[in-house]
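Which chain is which? They are A, B, C, D and E, in the order written, and residues in each are numbered from 1.
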């Protein structure tokens, strides 16, 4: 039962955070809300017996990525005048809801057809570092390897795009 | 085990090449053209390696290690050849371009090779997350390439549009993969195929929805209607060699995935026929209608790229795994790649400093001053328009034949109609080049690479059309 | 060399043309090369004529596989029909190089390419091959009009190109459709015209495919109301191009209907023959009347050409041996007469710097030989007995009367309509008083006169003693008619029965 | 029960889409995309729990890595854009059109 | 049965060869050395004279044959043969064609000779004779052709030659226009001829399309077919022989040199229609109704043109209308199935009309190309030979007994009465009187009275011998030709009719002597009335009249030309311009332009959709996705 209540709590937080993200004018506020969402999600992962992912979500997402984003927001020193006016924001929001509704309803219809299952915590280190690590390095070696290439590309790319390196004249 | 290495050799060469170049980039003394030649060498070597006999069909190298996430066969092999050739010619023509436009650094080639690496992976990938990661490798490299000219606002705008929409579509891809995982309990193509064979697609809405989202992401990348709007702006904002590379190599890679996913391995196609039909028709016409209004060559070519996507989609709809196989798609891709790259190669040395010549009017009278270049461009345009005896004609012949054979008469006829419509803007450039007096001297500065490249590609246009006759 | 005579006739000019395009050459050298090349073709053509047995069926065939996976073959051959269309080009082409001295190098090269492509389209026995040549012959025309044409050439070029490409691409769809149907019916791929003729086609798809073919050819011929590209293109094109367009290329449209449409779509052809024949007749009258409203000599000739093409096309749709033979004969006859007229108009334009009929006059007095030749060609074009034009027109009208009385009667009006504008034009250009402009007109030189003489003689010979030609045409025409006759009877289309000829008592 | 998680995932996903199409602020847009990826991750993990296989978790991990890479690049682009105009408005960047 | 005679082919070939040789000589020498007129003249006269000799040979050969077998033919080569259509280039002579042949070559020879004098000093002397020879050659093909198609060659050929010769003085636009008119009007008739041939062919032509086979198979035809064919052929005849409604070209044809007029009116061209109807007598005799149409058309033409003739002031126009009028008689004759009478009138008419035209030419020559009779007068003394010969011609034309015209015309009028067509007869008599009036009006005005233009008169002089000799010969012919067919009532044997009988399918109506006498009497009375009025008014000089009312209307030929212009020519040209300026750019090209416009407009719309805002692009994508998911969820159920 506690898990149930926890789920609802986290879910509400996550949705509120997401709403905050898309409603707040200033990205800083949005980012803070988004962090709430991310942390709630981490909680949900824990509820789903994904302990490693719980940790990663907190460290990588809420920690690394979000602090990067926040850092950049601060770094750019965004003033209110830099922000877009977004006068028609509400029109777009409600229009957007109308447009998105079919997609959401379709997805809901779809997931209802999936088999139901319990969410109680599974023991035996399910979702733990060791087991997930075994799966990752045995079954998913190739994706894991190429992710490294991806990160390399991102690295080089970020350097090229944002770097201070003088351009060859 | 020994022969497993052969099909992966090109991949390895390209990967290593990229990393070596990345390391070399640290040394400031290395000249740009050296890097260009180096990357041409990498592509050429990989190309040659790719030609080596690769053993049995549908070989999954290192199955124990990779769990069948990579599969090579004749189809992937040819697709890889096209991609490598595109890379080679882009590198070749870019040297002239960067004589005139000075924003390049060594990382440019490095990223290009990385992108090629991703594309090669894409052709072989047989698992959704592998596809996703490969796609991201390709996309990320190309995002950077698009925005490479940091001084240019349009370039930045292009990368913004591409990155934002690309990531948006990528999110759908992951959601789709999640849904498929939910339905099938796996994301491997083989598992999906056997799941469908056992249960049927309609019985599992989650799978259906997952495939739907994944198709959307792929359709976005090939710019099918209504996901095409970005392509014109992005092509316009990117520098000429990048545009050429994107238009050809990337399209080839995505179509390889599409073919693998829809037809060859998973056999999902039949359910989507109706939907694809409408998408194809709209893609054909939207592309044409956008193209006629354009004044800029790059935008026109981008829009015509949408039309070619339409043709390729006809082929995707029409080919079935048991008859003529996916080679029609590849043939058309090769034909299209040769002509598109050719035009971009020509643009890269005719465009002038900072791409000052970009509209139809800027090329008025080119034939009077540079007859050979104009002739080559004409050949490329005619090939794109599908006029015999160019490669484009053979490609269209194959596609229309297959469409008729598959009973898609309407689609075949609409394809032809769109071909008629496309004459309008292809002819417009020819008319500009030939039927007006020259006002611009069209002086050529830069290395002879790009002109030579143009010439080779012009020859390729005919060679590709003669290729099926030769064998 | 002679076993590959057709290939030679196709590829020699194309290659020479391409080489000329690629290499820097002076205008004179280009003209000389063209003359030599077309001369060789002419010699080959004459040998072809005398080597042709005329027994019916294809001769000088060359067949080899081109693309076995789709059954596309390199299939050439001539029969009594194609022989004459082919020879028309071969005979007339050297004239262009002899007479048109002021064209530029590119124009000569393009002319050669066109010649080869046209020969290919005429000889092709494989539909895909035919399509390739068909498109190929348009390209040089496009460039010639666009680069070397008159002041309003741009719209004219775009129009002709889009119009004809639209037609031919739809034909491509139809061709491929036929190939696929053949594959499903016989289990093998083939695009050979002879094999496709054996297809059983039914229903709406067959009609659509038929439409695809007919559109392409109707645009090229051009049949009313698809002729609107013609006046502009003919007027704006350089003289040599106009000549090629009117004298040879338009005929290939008619020829292609006979060669490719009749055998394959016998039922559809029989069903729509009446409609198409009406279109031919209406076009003849419409363009004929339009010609009288013209002030530009080339435009007048363009409309006249369109008018005659209406009659020519009509001959095909009448589906009897007289009309069909007449059509094929008329293809040659009209090519020679109109060709000469356009060449002369081109010479007038070159020498007088005007095409306005009102600004000319009295040339007969200045240049009697020129006027005489012009008159002969003109008379042939209005179908005066004793010239080549009569035989064809007479046979077509005869056939048309059998096909449908009303159409026959209307077709007969060509006798009147043609003569009206032609005489009016002749009067304004050649008669009346000379003015400052025409006073300087020089008559044909000896060489020019000698160059035209064979064609003029041909016009007369074909009028006076046409039987040798007809004897070679008739067997082939019979073969084509044989396709239609059973179809028309079996399907019980009211076509052959409907010949409103007074029945015998 | 799993359904609840999936529904939440869908809600978040749709909110992400909404963010992308209704906002002009570059940061918000990129974070909305991250939100969508997170929604997908939630689905992965929920389904992993459903199937009681850890593949889903691994997949989520890989997606996270990709998201990180993407974020890095996105931020680089933001910096680039900011350098050019000092604005974060996507509508400012509409030089290429027509 | 038939005799083959290769020389038949030679007859048309000779003038054609002559034309070719002269033409080539002319063309090759026109720039540099001019050949002398004498050379051309001699060259030109060889062919007609030789053909005349051949014509005599034909006649003799035929004469030597038994009456029923009087046919000789020669088939040169297969002209064209397609399916059942088998046309030979063949020539054929029977009594009818031999008679035609005789007088055609005879008058043509004389006209050739005369032309040497008349055309002296012309710039393009050679060209003229080339045309003349060609004209003769075409006429001979027309006469000798063994079937309708070969006849059509000559038929169109004479049309062409008339065009060339009428517009001979091509510097003047009016002349060329006259030539155009002749050709075009003839072409209208030719359409009838061609269609007639086509119908005939599809009815019975399959088993041979020459006269002999057609005649043999004519019984297979239904009467509707025959009527149709005959009417169509008659349309051809009206064009060639200048009958209502296609006579308008003939008066304008006077624009050509006078010998040409003589050639057209006397020997060639206009008689072709009558000849053709006679040639097809085996068809016309089967459908009397059509014959009546022909006859009435003829006699009305005769009446109308006689009215015109009374008011003309151009000497050649008077003669031209008289020709039209006489042709009307001929058609009345052949229409009433009195073919031999019609042909006989052709025969006599050839003499006197050639004579009159050549005489008129002589006058014009003398007066330096003055053709207005109101500027002449009193020329009797200056041009005696011309006067006397023309007088003979005029008397013959006016039908004064015993001149040739009297007999031939009277024969027709008698037969009109005999076949029970008093209307035709009555008009015929009236026209006879009018003929006498306008003929002698001309004679009086030209030769009698006092000179009206002293300057012209003073310079007038008689023509050279080369011109007067033909006049005299023709005068003899005009005087005595009638004797050949003297009817029984005058004790004659109707030689011509009997000679022609095997060729023609003639009806021989029985009529009483009283009828015959009545006919003769009426004609004679009419003649005298006509000549008397003419003498009263013009015998001793008259002033230029001012035409008012009906006279003005008739002087302007009932404004028929203007009417045709208004009804046919102007609408035709107007439609031509309308097509060029309205239909072609707006209507026929309309769908094309509309398509292009639509295409461009759609292009603009799509261009506008490319707004450039990335968010909007995302919205497009989402809308697309949303619609598709809507459809998908429908299909899920």
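Throughout what follows, a residue touches a chain if its C-beta (ideal position, glycine included) is under 8 Å from a C-beta of that chain, and two chains touch if they have at least 3 such contacts.
Only a predicted model underlies this, so the values are computations on that prediction, with no experimental measurement involved.
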Where the contacts of chain C and chain E overlap, which chains show up? B
Please name the chain that ends up farthest from chain E once chain centres are defined by their CA atoms averaged. A
Of the chains present, which has its C-alpha mean closest to the combined C-alpha mean? C
Please state whether B-C or D-E has more C-beta contact pairs across its interface. B-C
Would you mind pulling out the distance in Å between where the CA atoms of chain B average out and where those of chain D do? 26
Distance from the CA centroid of chain A to that of chain D, rounded to the nearest Å? 6
For chain A and chain B, what's the span in angstrom between their mean Cα positions? 31
List the centre-to-centre spacing of chain B and chain E in whole Å, with centres computed as mean CA coordinates. 78
Note: chain B residues in touch with at least two other chains are 129, 133, 136, 140, 143-144, 147, 150, 159-161, 164, 168, 172, 179, 182, 205, 208-209, 232-233, 293-294, 424
Among all residues of chain E, those touching at least two other chains are 607, 610, 612, 614-615, 618-619, 622-623, 625, 629, 632, 636
For chain A, residue numbers touching 2 or more other chains are 92, 96, 99-100, 103, 106-107, 109-111, 114, 139-140, 143, 147, 150, 153-154, 157, 161
Per the touch criterion, the pairs are A-B, A-D, A-E, B-C, B-D, B-E, C-E, D-E
Taking the touch rule as given, give the residues of chain D at its contact with chain B in the complex, in rising order. 6, 9, 13, 16, 20, 26, 29-30, 33, 36-37, 39-41, 43-44, 47-48, 50-51, 53, 55-56, 59, 62-63, 66, 69-70, 73-74, 77, 80-81, 83-85, 90, 93-98
Enumerate the contact residues on chain E facing chain A in the complex. 615, 619, 622-623, 625-627, 629-630, 632-633, 636
Chain D touches which residues of chain E in the complex? 607-608, 610-615, 618-619, 622
Complex contact set, residues of chain A against chain D: 7, 11, 14-15, 18-19, 21-22, 24-25, 27, 30-31, 34, 37-38, 41, 44-45, 48-50, 52-53, 56-57, 60-61, 64-65, 68-69, 72-73, 76, 78, 82-84, 86, 89, 92-93, 95-97, 99-100, 103-104, 107-108, 111-112, 114-119, 122, 126-127, 131-132, 135-136, 139-140, 143-144, 147, 150-151, 153-155, 157-158, 161-162
As the complex stands, chain C meets chain E at residues 159, 163, 224-225, 227-228, 231, 286, 289-294, 320-322, 325-326, 362, 364-365, 368-369, 372, 379, 384-386, 390-391, 394-395, 397-398, 401-402, 408-409, 412-413, 415-416, 419-421, 423-424, 427, 430-433, 443, 464-467, 470-471, 474, 499, 501-505
